[in-house]
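Quick heads-up: structures coming right below.
Next come two complexes, and both contain subunit A; in the first it sits with subunit B, in the second with subunit C.
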Partner chain A sequence: MKIVVIHDDISETSPIMVMLRVQYGDDNVVLHTHSQPGLEYVLSNLGQKMVVLLDKNFYDGKEKSGIKVFEEIRAKTSLVSVILTSVSNISDIGEENLKILINNDLFAFESFTSDYSKIIELIDKAVEGMDLRIDAVLEEWIVKQPEEKRERQYITTKGDKSYTLNEILESIRQRTEIGRSLEQNILKLAVDLLTRKNMKLDD
Partner chain B sequence: MQKVLKNISKKLAPVSKKTQTNDQNLRWRFDVNTFRLLGRELITDRVTAIFELVKNCYDANATRVTVELIDVSSDKKENRKIVIRDNGTGMSFADIRDKWMVVGTNSKRVSQYSAPPFNRKLLGEKGVGRFAVDKLGERLVIHTKQKGEKNWLDVGINWDEYEARSTASTQGNQLSLFTEIDNAYAYVPGEIEDHGTTLQISNVNEIWTDLDVIRLYNELAKLLSPFHPVNPPFDIWLSSNEVPAYSNKQVRPDPIRFFSHFQEIGFDLATGEQETLQFEADKGEFVKIRIPIKRFGPVKFKIYYFNTPAKRRFLAAYKGGDERIDGVKIYRDGVITTPFAEYNAHPDHKKDILGIDKRLWRDIFTKVASREVIGILDITKENNPDIIDATNRQDFVDNLAYRELKEFIIQQLDAFGSAKKFETNLKRSIVERELIQAGVEANQFSAELTKVEKLLENPKPEVKNVFDSLKNQVTQLKNAISQSVSEQKKFQRDAERKEKILRSLVSLQEFASMIAHAVRTSIAKVKHLGEFFKLNFPKKEFERFYLLYATQIYDEMNTLLKVTDFMLSFASADKHYEDFNVRELLSELLTQSYETLFRNEQIDFEIDIKNDFILTTNKQAFKDVFQNLVSNSIKALRNTKEKKIKCSGYLDAESFIIYFSDNGVGIDKGDEEWIFGLFNTRTADIGGAGIGLYIVEMQIKSLNGTIQVVEPEYKPTGATFKITLPFNRE
Partner chain C sequence: MISTIVAYDDNDSDLGDYFVDSHENITVVLRANAQIVNVSIRGLDCTEVFVNSTITPLNGNRFIFIGISHGNEEELVSHEVYVSASNLTSFSNSLFYSCACLTGLKLGKNLIGAGCLVFVGYNDTVLVNVDYFEIFYNCQNHCIKEFLKGNETIEGSFSKMIDYYNEEIDKLLPGDMDDLLAATSLINNRDCLILLGDRKLRLNDFEIA
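Moving on to the complex of A and B:
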């Protein structure tokens, strides 16, 4: 699990970074103080489970805003949890932007003036959530498979269409029908296995 | 068509009675309730609905589309009909079954362009057509054929029947999510070469008034650029059997009339130059400056500006004219680009795509608003490949080219803003001049009267009476005129005062939000540092952070103090008016206060102020102007070897002129006005926030002066600012 901080008011020695590193390990906490490189980092590490702590406004007006970064992450994947912070109040975010945030599943919004421990709590909650999501677990499992295996046909549907693991991965990230139905089938299978009593939870 | 329809209805009757396995029936593949709900969200207005359907014709490579409105003002729903006919590629049976009748889950298109050889940039939103039809009326017949097919395909769709079914299913408390209704279809023989699609909508939901028809025409006219012909053509015809002026009228963007100002800029590919507009206040005219073609590629831009009387004339001439003066739109190869292709009935809900109105609250008096201009910016696929329509159709892809284009457009509008301001001032002085002239003429008349009176020795009493009464009237007239002159002056002063108050209020609001942001950020940082102490002190493992954090708290507090000091100086800016000598103040400030700084930066500084000039204003505010200019120059000089700054000044007949120059990187051509805008900076990489020059301009304006970028003194590099402070500040 990686915690990616994209924020221009947080430095490597800020309390929030120090405490995140203590909790998640030095290598698992990454800081970007500019939005574009931060976004690029997230997009080039999609195979990694990630929680992103994102600033809404950057001092340099020419930088991509946090909301734009969020939109661009969402265009590629729904599997990264994003927590947005700002020193302004939530009421200062325009209606259009609020819609974007809510409709694209922003994990949380927190004022940057809140206690840093509160912000870290939200990150913890997002991390826990990631562990429980079937789609995230599936993604993690697929990414761990060797590339040649990921390129082979893996599943054939009733309609005689075949999908490789890489295609399934993409469809999970993009929340397309095949991805969703795969998740549902896995859940059904799990329930089915458990109810047949020939399998226990710790098997 | 009528014949065909009769034909169809004959064929449909038996077909629709057949069972669902019948291959002569087409079935919707979705829940009708949800479908209609969705549609009502997407298409809120009938003009939008037709607008969307016509865009679809364009996407289908049609070269001609006719929108026919038949008895649409009739009270009887059954009489009202709308027919949209195009000569596009047409749809196959499979197209209708698998595309038209399936609500897509994937909103992204496979291709952004229509079929070859037209390769048109697609305008319509995929899947919106059927919602549009539903908005317009209850019954639809699609009559369509692709080239090479033998038969036309006719499909009938009855929305009212769905509605009845779904209502019935809800009342019965029985969930029937998917419709069980078959849509009848039939084949009608046609010519092998024929192609196209006709949508015949009957039982039209709403009554169309004449004004609605005009509104439809106006909106359709916006699809096409008035200046760049579409090739291959896309001709739109509107035909109404009730409004004679539109009985068979080709939709063409009307020539734009009644504007008060017009400017047009273009480019020259051979020299690689783009024209950009500037308004020269000294001459009172627009000039076109040539700059290297910008990142977004060469553009043609026509701007029609409507001042208040022009707008009044325009509105009187056109019904629904208010919707026509609606800002700048971008056309690609003669056709509107997708972000501008969304029709919105309410002007206040129109999206400010280019950010034209966002900047109004900064300065409502000199900025031009969307509803004062019609702008047509023509781009081409070939010349402007980096201006890309965003997939959500609401904007363009946010890249450097698009950002520069937006800045460029605003710069052109700002030139009109300067003209607007110039003319307001001119008008004021004309009124004043005319009054004074009237006063002079009244005096002359009175003198003439006295002369005539003297010539007539011993006039008759009745003549004398007339003279006396005339003289009396002239005196009254003179009094009235001189009173008017002073009233006019008073009114002008009053107007200016109000303008100033409003201006400072607006900038105060902006300022307050800026400061609040800075203060809250500092407080948040200090709070986090304090929280760390509270939770962790004196844990040994964090020992190395305690001193570091204490220092950070101290530094952050200093920043906070600076910010609040600045706030205080701003708050009390009006209180400390004093007389001071500009020459002395500048000499002292630039040679003494900045001596060390200039030495450390190895800047060769020269000051040459020729005359004394006494100014009454807030001294600190005046100093801030030069502090900002110096700090600007230092940034511009960072990569220059022999750094120079020069400040010179002299008195001319009407004003005190100050030149402030450096030999740094200079200001890009075309940026001369832009750099004074708030947050506009080209030195963001070294901490430039784009506030300095904004404050400078505000301060100079408050002295009734002007600041402008002129030809650099240290050619070929460097920048020179010219500040003009007029004597007469009334």
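Moving on to the complex of A and C:
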């Protein structure tokens, strides 16, 4: 699990970075103080489970905003948890931007103050959530498969469609049919096993 | 004598091999019963005209039809549609067994409405994991193979197929992630199975003097 901090007001020596490194390990916490390199880092590491702590404004609006970065992450994947922070109030976010955040599954919004405990708590909660996400587990597994395996047919349907693992990965990230179907079937398998094993124990 | 017709799309680019193996898996049981007279129809002959002309000589007597191909809510499809609303009545007095996607939603009900005695199929998308063909067609064919042995009603055979799916799912569980994903596809297929029509029919109900 990687914690990616994209924030122009945090440095490598900031208390929040120290706290995160203690909790998640030096190698698992990454800081970008500019929005574009931060976005590029996230998009080039999509196979890695990530929680992103993202600032709303960069250098007084001179760089790509946090909301734009969030939108661009969501265009590629729904499997990254994003926590947006701002020194301003949530009421200062316009209606259109609020819709973007809410409708695209922002994990949390939190004011950025000198008390980091709330933000750390939210990051912990997001990490816990990622560990339990079936889509994230599937993504992580697919990314680890050899490219040759990922490019050949993996599942076909008798409705005349076929999917490679790469296509399934894309579908999981974009939350389209075959990816959602796989997630649902994994849940069904879990429920089915619990139900049938219980029945056997009760016999 | 018992008449069976098996249509299988050996010409399909994705699942042609699967359909061929699935067909062979069923015909082993058909050949074992001397009472059964089977006609198999290959992919390029899976047309409405050819299928209808194969059924016509049965003179309205009962028969068993098995479709091994792609499909959708209202049709069985090879390179062209070969079972649809336009030839439903050809299947009156039949047991209709479909392994295709979605046919349980409308086609099965339409067939029963047109005088088909019993329909076994799937009311959602049927998944097949490419490296697990044998497990998948063994599961899909289990009901009709049990029925053709002559000891069970179609309902009993259907129930045995569900049990067989469960056994195969359980066998995959100790395996790796590929095995688990195959098990989830089997669960998907098991849960969209549907049986319509006269559940008490037995093989001997299809005997023709």
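One rule holds for everything that comes next: the second predicted complex is superposed on the first by the 195 of 203 C-alpha atoms of A that agree within 3 Å, B and C clash if a C-alpha of one lies under 4 Å from a C-alpha of the other, contacts with A are read in each partner's own complex, and residues count from 1 in each chain.
Here is the rule we use: contacts are C-beta pairs under 8 Å (C-beta built on N, C-alpha and C of every residue); 3 or more make two chains touch, one makes a residue touch a chain.
Keep in mind that this is a model prediction, so the values were computed, not measured.
When the two complexes are overlaid on their common chain A, residue A:90 makes contact with neither subunit B nor subunit C.
Applying the stated contact rule after C-alpha superposition, one finds that A:153 touches subunit C and leaves subunit B untouched. By the document's definition of touching, of the two partners only subunit C reaches A:182; subunit B does not.
After overlaying the two complexes on the shared chain, residue contacts for A:141 are found with subunit C alone; subunit B is out of touch.
Of the two partner chains, neither subunit B nor subunit C is touched by A:194.
In the superposed model, A:102 lies in contact with neither subunit B nor subunit C. On subunit A, the surface touched by subunit B in one complex and the surface touched by subunit C in the other have no residue in common.
Of all residues in subunit C, those touching subunit A in their complex are 14-15, 18, 69-72, 77, 99-102, 122, 125-130, 166, 169, 173, 177, 180-181, 183-185, 187-188, 191.
Residues of subunit B that touch subunit A in their complex: 105-106, 398, 403, 517, 520-521, 523-525, 527-529, 531-532, 535, 542, 545, 548-549, 552, 679, 681, 684, 689-690. Considering their complex, residues 141, 152-160, 162, 181-182, 185-186, 188-189, 192-193, 196 of subunit A touch subunit C.
Against subunit B, the residues of subunit A that register as touching in their complex are 9, 13-16, 18-19, 57, 59-62, 64, 68, 87-88, 111-113, 115-117, 176-177.
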